[in-house]
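Note that the chains are named A, B, C, D and E in the order they appear, and that numbering of residues resets to 1 at the start of each chain.
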Amino acid sequence: QEVKLGVLLGFTGPLESITPAMGAGADLAIKEVNDSGKFTLGTVSAVRGDSTCIDAAAATAAAERLVTADGVSGIVGGDCSGVTGAVLQNVARPNGIGMISPSATSPALSTAEDDGLFFRTAPSDARQGEIMADILSEKGIKSVALTYTNNDYGKGLADSFGTAFAAKGGTVTISAPHEDGKADYSAEVASLASAGGEMLVVAGYVDQGGKGVIQASIDSGAFSTFYLVDGMYGEALIEAIGEPLNGSFGAVPGTDSEGATKFQEMATAAGFDGTSAFSPESYDAAALILMAMAAANSTNSKDWTTKVMDLANAPGEPILPGELGKALELIAAGTDIDYIGATAVELVGAGESAGNYREYSITDGAITTVGFR
Amino acid sequence: MDILNALVVFLNFVFVPGLAYGAQLALGALGVTLIYGILRFSNFAHGDTMALGTMVTILFTWWFQSMGISFGVLPTALLALPIGIAVTALFVLGTDRVVYRFYRKQKAAPVILVMVSLGVMFVMNGIVRLIIGVDDQNFVDGSRFVIAAGDFREMTGLAEGLAIKTTQVVTVVTALVVMGLLFWFLQKTRTGKSMRAFSDNEDLALLSGINPDRVVAVTWIIAAALATIAGVLYGLDKSFRPFVYFQLLLPIFAAAIVGGLGSPLGAIAGGFLIAFSEVMVTYAWKKVVTYLVPESMAPEGLLQLMGTDYKFAVSFAILILVLIFMPTGLFKGKSV
Amino acid sequence: MAEPFLIGEAMTGGYGGADILHACTIAVEKGQIAVIVGPNGAGKSTAMKAVFGMLRLRAGHVKLAGEDITALSPQARVAKGMGFVPQTHNIFTSMTVEENLEMGAFIRTDDFSDTLAQVYDLFPILKQKRLQPAGELSGGQRQQVAVGRALMTRPKVLMLDEPTAGVSPIVMDELFDRIIEVARTGISILMVEQNARQALEIADKGYVLVQGANRFTDTGKALLADPEVRRSFLGG
Amino acid sequence: MIVVEDLHRHFGGFRAVDGASLEIRTGSITGLIGPNGAGKTTLFNVIAGRLPPTSGRVLMDGEDITGLPPHELFHKGLLRTFQIAHEFGSMTCLENLMMVPARQKGERLLNAWFNRRAVAAEEAAIRKKALEVLEFLTISHLAEQKASQISGGQKKLLELGRTMMVDAKIVFLDEVGAGVNRTLLNTIGDAIVRLNKERGYTFCVIEHDMDFIGRLCDPVIVMAEGKVLAQGTVDQVKNDERVIEAYLGTGLKNKVKEEAAHA
Amino acid sequence: MTRNLALFGGVAALFILTGAFESWNLSLSILGIALLSAIMALGVNIQWGYAGLFNTGIMGFTALGGLAVVLVSARPVAEGWAAGGTGILLGLFLGAASIAAAIFAWNRMAPGRTRTLVTLAIGVAGFFLFRAVFDPAVVAVEAFNPATAGNLGGLGLPALVAWPVGGLLAAAAAWAIGKISLGLRSDYLAIATLGIAEIIVAVMKNEDWLARGVKNIIDLPRPWPVPYEVELQQSAAFVDWATRWGFDPVSASSIVVKLLYIALFTAVLLAVIWLSERALNSPWGRMMRAIRDNEVSSAAMGKDVKARHLQVFILGSAVVGIAGAMYTTIGGALLPGEYNPLRFTFLVWVMVIVGGSGNNWGAVLGGLLIGWLWLIVESLGPDVMRIMVAGLSEGPLKAHLIDSAQHMRLLTMGVILLLVLRFSPRGLIPEK
């Protein structure tokens, strides 16, 4: 028997360069489950759908196909909050299909009606804003310039960071949006430089406008250190910018568990970049769905979605990436598990990640973990 | 009062980047304007032609790099450029043979050709992504800066730095040279004139013994060369990603149109107009003013007319304003 | 009698719909002038286009100096020494007057500056307006550019579709004058004219076309003398 | 009817119309002649609102109409034809004529949507009229032909036909004769005279065919280099030295005769 | 005629095949969007096909339609209103008033340096006055609960009301835009309208007080009589009915919802097409064609070209606005980031051209066909790739190609587009 899992990400469109690694993350979890041979409900296969990230109609149609034509039992996705909300309302709820999004971070989704079908492994922006403010003010930084990618993710993050940072006595000299995938960021960099600040906070994506702004800032000497949000995390950035990035720092969802490292090793072995933004979250999303199915002993969304919170949170046997087989055994044996995964998943409230963060800095061209929050 | 520093800030953050970006747009716009001028339609596939040309160049650059060939301080990509141009030209000629020629024979309306070029755009879009993927590709080597910000500070002792990148210089110079060549070619050479004649009145061009196939072929070859040059220089300065090249289409068209379609001079002027209006209007003048006024009067606010979120809006508003007063662009363009 | 230098023989065809030409024959001898007259819509321009290969013929053929050129494209006919001034759209509006003339000489590889001087001689106004885009000229001036362009080709046979439409009397006289001169150098001239009386006067041969068919064919003089032709086609 | 006062129209540095003053009397058929590039068409364009003048005034029945847009002038009864035919290429010849009458009920959207009957009645009348005009111009067989697919001369006829679709006060004809068969041109001339006599149209006619001008026009105005060079009856003008030198020339006949003598 | 019927039959067959091979839900969901596309194509056809106006600002009008849905049917945010509602309204009023005053001065004063200076002075003073009143109000509104609100919200009226309002909003914008830019021709008009559309979307993205900007508004209400699927699934009567006819209640519920939407859209489509056809086949239509053919000569024949252009521009834009409102309603969310010219301008143009410009039925056919294609290539593209690589032997090349299968989406789209245009270059149903 076959169990199908929908993977609904923007494989074309503005996020097309980060989605392949996200898709690969999900595939990795599925492969691991299949290879373990412990998944009794059938062979799991991934069916991909293209959400385009921006086109709600296209995303809805793609989801509609996944659900009604391909008959998937759950969806990893979508990626961008806007289309994710549309898919949730127009496809998932009507058809009663569960979704776990690896990257939709909009706080508005927390309050959206979801009939208990929607979860996310990426923490909501609100939490990250606080973490950022903490890190910066602990380093004694009083004023920063901020640039964010002009979508709900960036804007939400900018808002929450602004509030949190002000509460700690810091100032944001300028909060300038940038559009992803544009040709030129000189205007943004010019304004950011003019406004000044001890460093630049970049709330964008690692190989999109965020990278463009950093590149141009370094080239023109506008800023030399950067705070990097979770979307900016990745080896790709260091590769592209190189040595000038030394001294910059940031935080990504994660705990002091070896989960993240382990996932990266597995990713490298599988031939993709595990540090690419939201790739670990995707692994976790897929893994969680499958664990939940096993726990519910059913592929029906109504059944498995009830198990997700349980599995993701303590108490229970901690599960790291690469231990899905073991997890399945435990579940079959009736032992409670606590899925930690690649990003230290901890779901709170309406099924969203609690948000543990791993603070890191870039030294000598490598990412070094500094601590955990 | 510190005029020098104010000037350097302005140069570093507004003028130099604006100039480079303007030149990049101008190079793209030259190709668009040429196709419009001769073949009389807006070629939506131009952005993806740029991507294709750049992709080919990148592949050969990598090959050269792996063989240890380099070009001194200049990027190796410039060595691979002719190959990129040749391959792109072949591809584009093939497209013309398979696609556009049919509609030309039919004397189809320009808007149909626009839609056809949209179809070609989708196809090229797919091909480029299938071959090189969607990711950023870095292929720059050689020396990065003519002068870096830090070096400038050390050299001059000023508080502010000025950075000029090799690629920026190469781009600006190339844009001006190419514009001059194109202008000269179209206005002065026999082939160039025959191309203009063909675009003006195809039937009469036949009656003058002009070979239409040759005109079309030459146009496409030049357009392919322009697209590849523009794409490679842009890629060297920023980075190569197919999606961005597609997005470049909009400002490129804006530049070509506001300059006056069909006019090489207009393409250059339009490129700079778009680039500078993007950078200038949303610029926060705080720093410049701070240097200029006595310390006590240093401004609190950012002195920004509009947020950078409106940079496209503003540059478009300026474009519309220009068009209201000059309905066919700065340099009396054509219209079909 | 030997075959004429250029002949479109028994041409039948049209623009895709019903036939416009019905077995229409037009010919011109070496160094002579042939004039086609007829009511509006008779098919005069169509016949010219047919001779120049801008129309697909269903029947009939075109021969130049004995060679059958029915299948040749217009450009190829230009290369064979034919020149044509269409009735409308006969200049490059966005190009300057001088460039228009240069385009006329496009296929020439020799030095054409003397021909250019001759054209400027003939139409002095064009010399004044050398650097102006031809689209900005007055109707009559455009017509002069059009004829000038064709003269630049130095063709063996020159086909003119209403060259004098809209030109002032003084220029018209000059033009006819020049046409005679050109013919004398051995160039054959085939033209359509509505200023028919003047044209027939200098014509060696005249054709009256009606509804795509030859109605009368004779020397220019004879046609002028024919009262029926005068009344029905030359305005009395 | 029309008074033009010291009108200038310059293109860059070039003075196409350079201080022309003239008058077109009500009920006359005024001829306007002059060498190529004299500024006749430009003058028409300025009067008819196509081009703004550089300076000067145009009065119609005493009212200043300088710079009014063409469509308003049309409603005041001022019509014009174009030297280079401006047909509506994708419409049939019949439609080319039917679109002319002003203020058609069916041209208002609300009527077109909800008042079909009134529109249909009006259409029938207009169609009848248009067919008559086509008949008159000898091109009724072309009624359903696309206007882009008719011969050059036929386009000119259509151009003229449009002015016959409405009751005009003054009609400006820019070389209707160029490219029109002379026999037909005579008929057109007759029609112009008839419209002038029976319906009281005033005409201003640009033409290079002196026979035609001679038959119809009184007075004749001669323009050269943007100014009025001479004015008077046809015979006066024909014998004016300046006009002969600038415009008429000494004629072809002499040269042909010369030639005969040579041979 | 038979050919046209056959073409429509062909498109119907595409939807039926989609239903049979993929799923009926997918087919109907695509049909809903395709119908909206057809309405937009009709709007464009009114402008291009009738009057030759090259409007590439369709995206902007669609977005305005979407904005209308939020303004009309979203729940009001009382706190937002209290914090800065009046300030914002006053600011907007001051802004509009100073623009009006500047225009008034420009029109009333004699040309010269003083006029320019006075107009500029009014403009600049107005700008700063506007910013002074407007900015603090905006800050206040946006400060309230930015994560889930931060805006003024809407009026809370029924969603159906939003559709005509969307049309009106678009019409009003079209009036202003037309006044500014209709003096331009062909591609110059195109870039101007494209630019204005970008400006509209930029405002919607960045003015959070208006509709939350890029933070999106989700959960917009459905129009009467469309129920929520979940409600249907919970209604015993419906479940009964469905099971009686042998349907699965879940998919039946979502099919019913889609059919209701489709019925609403079809009604609007038919109304638009009826008005449009009537107008086209009337003296008004003839006048418009004349203007399109030759503006100079139409003006000489007494037609007020500018006014007519403005009229069709407004009409066409209103139709697009209505479609835009319906689009946002069916999606249930306003996502300003969604509005990009490729999807909402050029794709609609493709529909018009492929269908046959100047012909309403052509536009509808084009809308349905391209609308279907755009959404189906998502699954078609990878399938094409699978077929293409079937013959290849396993290896890195095959793996690479299969990994890149998603990019077949646009490639397939392009190829089919080129094929259609190749075999009917003047459109599937050309203008008569």
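General remarks:
Methods note: a contact is a pair of C-beta atoms (placed from the backbone, for glycine too) under 8 Å apart; a residue touches a chain by one contact, two chains touch by 3 or more.
These figures come from a predicted structure and were not determined experimentally.
Common neighbours of chain A and chain E, listed by label, are B. Counting C-beta pairs in contact across B-C and across C-D gives the higher total for C-D. If you average the CA atoms of chain B and of chain D, the two centres end up 49 Å from each other. Separation between the centroids of chain C and chain E, computed from CA atoms only, is 54 Å. Chain geometry summary: the mean Cα position of chain A and that of chain C are 76 Å apart.
Among all residues of chain A, those that touch two or more other chains are 16, 20, 150, 177. Contact between chains, per the stated criterion, is found for A-B, A-E, B-C, B-E, C-D, D-E. Note for the complex: chain C touches chain B at residues 52, 54, 73-75, 78-79, 83-84, 86, 89-95, 99, 102-104, 106-107, 149, 153. Interface residues of chain D, counted against chain E in their complex, comprise 48-50, 69-71, 74-75, 79-80, 82, 86-91, 95-96, 98-100, 102, 104-109, 111-113, 116, 119, 122-123, 162. Within the complex formed with chain E, the residues of chain A that make contact are 11-12, 16, 20, 48-50, 54-58, 60-62, 64-65, 67-69, 80-83, 85-86, 89-90, 93-96, 106-113, 115, 125-126, 150-152, 154-156, 159-160, 163, 177.
The touching residues of chain B, when paired with chain C in their complex, are 190, 193-194, 196-197, 199-201, 203-212, 334.
Of all residues in chain B, those touching chain E in their complex are 36, 42, 44, 99, 102-103, 106, 108, 111-112, 114-116, 118-127, 129-130, 133-134, 250, 253-254, 257-258, 261, 307, 309-310, 312-313, 316-317, 319-320, 323-324, 327-329, 333, 335-336.
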